[in-house]
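Next come two complexes built around subunit A: one with subunit B, the other with subunit C.
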Partner chain A sequence: MVRAFKPADLTEALRLRKETACVPLAGGTDLMVKYRNWTGLPPAFPGDVLFLSHLKELQTLERRGETLRIGAGVPLADIAAWPETPAVLREAVRGIAAPAIRNVATLAGNVCNASPAGDGICALYALDARLELTSVDGTREVSILAFITGPGRTVLRRDELVTAVLVPRRAANIQVFRKVGTRKANALAKLSFAAVGEVKEGIVDAMALSFGAVGPTVVRSTETEKRMAGKTLAEVTALAPSIVEDYAALIVPIDDQRSTAAYRKTVALNLLKSFLEGLKEKVKGI
Partner chain B sequence: MNKSDTLNETGISAPVRRVDAMEKLTGKARYISDYPFEGLLHARLLRSDRPRAKILGIEVPDLPAGYSYVDARDIPAGGRNGIRMITDDWPVFARDEVRFVGETLGLVVGPDREKVLEILSGIRVTYEELEPAFTIEEGLACKGGPIVGDDNLYGTYHLTKGDPEAAFRRAARVVEGTYRTGFQEHLYLEPQGMVGTWEDGKITLYASAQCPFYIRKSVAHTLGIPEPAVRVRQVTTGGAFGGKEHFPDVIATVLSVAVNKIRRPIRLVFERAEDIRFTCKRHPSRVTIRTALDEAGAIIGMDIDTVINAGGYTSSSLIVLQRAILHGIGVYNIPNVHIRGRAVATNTFPSDAFRGFGAPQGLFAIELHMSHLARELGMDPGSFKQKYFIKTGDTTITNTAMKDEIRLNEMFRKVDAMSGYRRKVKAYDDDPLKGIGIAFVNHGCGFTGNGEQEIIKAVAEMERLSDGRAALYVSTVEMGQGLQTVLRKIAARELDCGVDNIVYDNPDTDRVPDSGPTVASRSTMVVGYLVQQCARELKRRWGEGPGTRVRKQYRHPEGLTWDQDTLQGDAYPSYGWGVNVVEVAFDPVTYEVKTTGIWTVYDVGVPMDTRIVTGQAAGGGIQALGYAAMEVCEVVDGRFRQHTLTDYTIPTAMDFPSVACEFVENPYAYGPFGAKGAGELVFDAAAPAYADAVGHLIGRKIHEIPVTPEKIMEVLQDE
Partner chain C sequence: MNEFNFTLNGKAVTYRGDPLKRLLDVLREDFGLTGAKEGCGEGECGACAALLDGAMVNTCLVPVGVVAGREVTTIEGIAGTKEGQDIIEALADAGAVQCGFCTPGMVVAAASLLRGNPRPTETEIREAISGNLCRCTGYDMIVSGIRAAAKRGRRSW
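Moving on to the complex of A and B:
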């Protein structure tokens, strides 16, 4: 028999998490589908369920110095509406599912689901986001890159809960998110592309690029990004073919029920090329 | 009847509030899953998970008290293990061999769902696997040996007009193209579902369905009992689109065998993924058209080879095939034509009825081919097609005179004024990011040939009730299309009363005559006409007091002939006519196509309610654009690969713009107030218009739908 826990506060939630092999559930929009059952029967959860969305400690959106702290229980709709949310993340969140889902689903849940097609995840990679993981023994921070180890796999320990998504606040006058979905709403990504960068006086100060749904995890290459840093926009444009080549080696998508490997790869590289070639225009517009 | 009389505020076309709007919008409407039954049992099908195999054994564990496993051994003596659709080759329970993944093997029934699932997972089926055939090509090649007969064909038809051989002999040039369409899932909002009970000494089925009398016939056949010994009650049905024409027979027969054995109410309702995986889809098609042109580039003949993928059993595939080839040359007068049509057996789930019933496949091929011919000859598709429009009195593909009054030229003018087609089709030739397409269609209303007369023999009745209202007794159903409103409107107008004064309950085979199935764009035109005749007579006899009952039976219009064996004569009593223009824009980075305009003009005789028919035009148009652009449905190892709402992507309101719709009035003498059918016509044109538009956009020929961004990329890289 599956037990369901509704803890009074975060302390109790952490204790339950440690003492039982429970499944943490915030919005439930992934889990209720994953464990769906014959209508009329409870969902087929593999173990006890720990409800989290009601916990006040997880409901906050706050700016702490140079970090944005997004509570693990905050629904996507609130994140999209928060003025502090970086444009790239706002755009990604707005494109997730449909309004009803966005009213209950959480960003932390999107991260824990660890789907390579997760829209929020792709933007968080480009933003160098970190996860705040809490257990009764304390709190640690892990970068999203280290947190997700494969499709559906994370380094979250069995006694830990994700308590917040932490996004560094930094200047970024380039913020692009593009989802190529199976349709225009309520869709999963065939692939996605995020870019976060800062261009100062025609020189690229920093550039982060990420690609979703084109490999087992989101693709990001800090090495190639470094090749762009310190270059003028004209130099980056000239480098475009070689940058595209770098990513061509890293992007190894698969055929599945939503698209083909060939399409994913071609379009991911097309988006990159079009982004690099359009950089000048983008900066002019800022 | 002039335009001001019908489309104005007081005419029959003037919209009224749908009688079912409030109960559906407020959630009060009860669907099959909402009905409580005393002592209800739950049921789940045991299905084959092999596409083609011999069944070596089915091992059922010992069952706890109160639980049952039902299979072919429970069919009573005198009954038959066959589902009587058109023929009865599809067994209720698989015989010694399975022909597709999802074929019914047995049914587990019991009070607790958890336990039912546990029993189901404990059943061991052993198979000897055989080599399956999934595609049209594999079916035609008899891969793994024929599934049926010695050629794997359920049937072959030929239609010949004029002397096509001579035409090809003198042709200056022959243009050939092969056109393909895929599976399409109905995706009605409410999945398949039924409750079977033993009531008042007879099998009673509460069904989400289109055709209560089809169900009654199938169940009687399987149980070997007279049809009146079965009662079928339609409950509010949340969409059907043809998916609840024959498939409910598959559920009803299994359920009836179980109810006959257990004598308790049993509910069998599909989950969504179960419904997508294990119900019929639209037939995939492959149509090859060869056209003979003379020196001047005029069409002098056509040879058309049509194949549909029928799947593991016949279901209604031969009738679908007939409609596909009867619509094979579309709205054109082509002089010398030969069409061969074949329905091929494969190891996929049997394909069956879906809005349009074969016509969309036939029309897709001819419309796209005509567009391709136009491009080859340096003309725009609209102007080229117009040259060949059939006219009243021209010879049809079935060698009789076209009797409809045809308004295609007027419709083309109208759609051009709405869309700017003629201007844009030239302007976009040089625009790499824009395209526009056009398709003209007709759709035969009612059953093929003399089917209404020979097979259906529809009857409708009306009665004056004691409270001053009038009751309507017909077997055609409301399934979302608006029939409850339309039939009441027709009766109310004749009786000079409000729509609320007409009682039209969901059909119950014990209470209504058989006015036929709710299919084939026949309900308004054929049944509506009977309702109008009933209402007229009832009005005359109103003074006879409460209880006065009138009855009308279908009579085929004078002067129509048909030979079902040779498919010669008047293929349909009348046709609806339509034109669609679709405009598209391109994202060259992602190969995504955005539809920027959809304009439609229809001749449905006289629309019985402009809001309802406009709603049909919008729904049918968007459903067809989903079919054309988005709804990928692949078969991998005999299984539908896209089987969730996430992966089987029907359009949302965000995916296409609104559908503009106008009508050309053209009253039909044998329809109520001049009405003809509309429900399927509105599906037929959007897919070829879209494919034409995408072809125009990318400057390449499109031959296949769905035209996904992946396919467009392939076509562009194929150079």
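Moving on to the complex of A and C:
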């Protein structure tokens, strides 16, 4: 029988993480399904389990200078309710599953699950989020782009825990999140789209676009984004066909039980096209 | 970790056993509280809902070790309160119960909503029960039942 550890503090959690091949469990909403067993039997975890959700060190939401620090144990519901949460992330988080799941599931867990369909992940790519990874030997920061290497795969070492999701605070008067699913609640995304941009006096200062569930990891292209920087809104709208073409080459979805490759690609590009063509209406005063 | 205390429907209780067992199984098998139902067993249907420190959770997704030192309120606990009775009666009056399998979860969702928001809009009610599946009613009667419960319990929420 596998053991379950409930460490008294983060220090003990990190020690256990290093000494045992344990499975870190915060909200558990993905893991309890992944290792689901017969009714009445405990889930079939592949190793010892490390409970994390009770750790006070992981429960904080704070603004540190120009960075928002979202503790790895904070439930999605609290992130959605935090006034500092960027609109694009709030929208993504509010669309994850249903209230009972958002009361326990965490954003760090969404990232570690590393599903290309993870709604929170898509928004975090467009926000240039980083992960704070901690082990007994210290702390390092990794961009979400470098953290997730494939479906379900991350660079998290066996002695490390994600202790926070770090989101840079920056001016962004364009923040859009769109999720396409079969129903509003409890549906995993067929595809998702996030846009974070800043327009100053009619000129695009910066633009970040990300597409979820259309490839093995979330799709982002800083090269194409640079083509939009420094342009007027009208110029970007005029560039729309060529920008759509750029992404058409990058978006290579698959068929699965939720959708088909053709549907995903068509709808992703249509969302992009409608976003670029209606850019003017997307700009909000902050 | 194989023995700990928590509060269950207002009473201090002790659990002895595997901390990874699902809270749902512990409620039903160890404590004989069979109000929470297993529908899907994967957090999609809400039939197993209960309150953990006042927040609605799917007990099929909660390893019982997580509730050590915390407060669990099941449908049985909610049904024992004036607020719970208001919801149950309002749902019955609205014809919101057919096969009844989803009803405990719906009552928990309604109680969770009304405790924080005594005068919800229809949109808020639908959002609050968005994780609870009902295969009989088509939801409209449940929504009007919860709205009636909000009115009925106006002073107590």
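Here is the rule we use: the second predicted complex is superposed on the first by the 283 of 286 C-alpha atoms of A that agree within 3 Å, B and C clash if a C-alpha of one lies under 4 Å from a C-alpha of the other, contacts with A are read in each partner's own complex, and residues count from 1 in each chain.
Heads up, the rule we're going with is that a contact is a pair of C-beta atoms (placed from the backbone, for glycine too) under 8 Å apart; a residue touches a chain by one contact, two chains touch by 3 or more.
None of the values given here were measured: they were computed from a predicted structure.
S.K.: For A:Thr39 in the superposed arrangement: first (subunit B), second (subunit C), both or neither?
M.R.: Both partners, subunit B and subunit C.
S.K.: A:Lys18 in the overlay: touching subunit B, subunit C, both, or neither? Say first, second, both or neither.
M.R.: Neither subunit B nor subunit C is touched by A:Lys18.
S.K.: Regarding the shared-chain residue A:Thr182, is it in contact with subunit B (first), subunit C (second), both, or neither?
M.R.: A:Thr182 contacts subunit B only, not subunit C.
S.K.: With both structures superposed, pick whichever of subunit B and subunit C touches the larger number of subunit A residues.
M.R.: Touching more of subunit A: C.
S.K.: Considering only touches as defined above, state whether A:Ala100 meets subunit B (first), subunit C (second), both or neither.
M.R.: In the superposed model, A:Ala100 contacts subunit C only, not subunit B.
S.K.: Once chain A of both complexes is superposed, is A:Lys282 in touch with subunit B (first), subunit C (second), both, or neither?
M.R.: A:Lys282 contacts neither subunit B nor subunit C.
S.K.: Have a look at where A:Ser259 lands relative to subunit B and subunit C in the superposition and call it first, second, both or neither.
M.R.: A:Ser259 sits against subunit B, while subunit C stays out of touch.
S.K.: Contacts for A:Ser53 in the overlay, against subunit B (first) and subunit C (second): which applies, first, second, both or neither?
M.R.: A:Ser53 sits against subunit C, while subunit B stays out of touch.
S.K.: Considering only touches as defined above, state whether A:Leu271 meets subunit B (first), subunit C (second), both or neither.
M.R.: It touches subunit B, and subunit C stays clear.
S.K.: Of the residues on subunit A, which ones does subunit B touch that subunit C also touches?
M.R.: 39-41, 184-186
S.K.: Along subunit B, where are the residues that touch subunit A in the complex?
M.R.: 33, 42, 44, 113-114, 117, 269, 271, 589-592, 630, 632, 634, 641-642, 646-647, 649, 651-655, 709-710, 713-714
S.K.: Along subunit A, where are the residues that touch subunit C in the complex?
M.R.: Answer in residue numbers: 1-6, 25, 28-29, 32-33, 36, 39-43, 45, 49, 51, 53-54, 75, 77, 97-101, 103-104, 184-186.
S.K.: Show me the residue ranges of subunit C that touch subunit A in the complex, using the header's touch definition.
M.R.: Interface residues on subunit C, with respect to subunit A: 1, 18-22, 25, 29, 38, 41-44, 46, 49, 52, 55-58, 60-63, 65-66, 68, 109, 112, 127-128, 130-132.
S.K.: Which bits of subunit A are touching subunit B when the two form their complex?
M.R.: 38-41, 180, 182-188, 257-260, 262-263, 266-267, 270-271, 274
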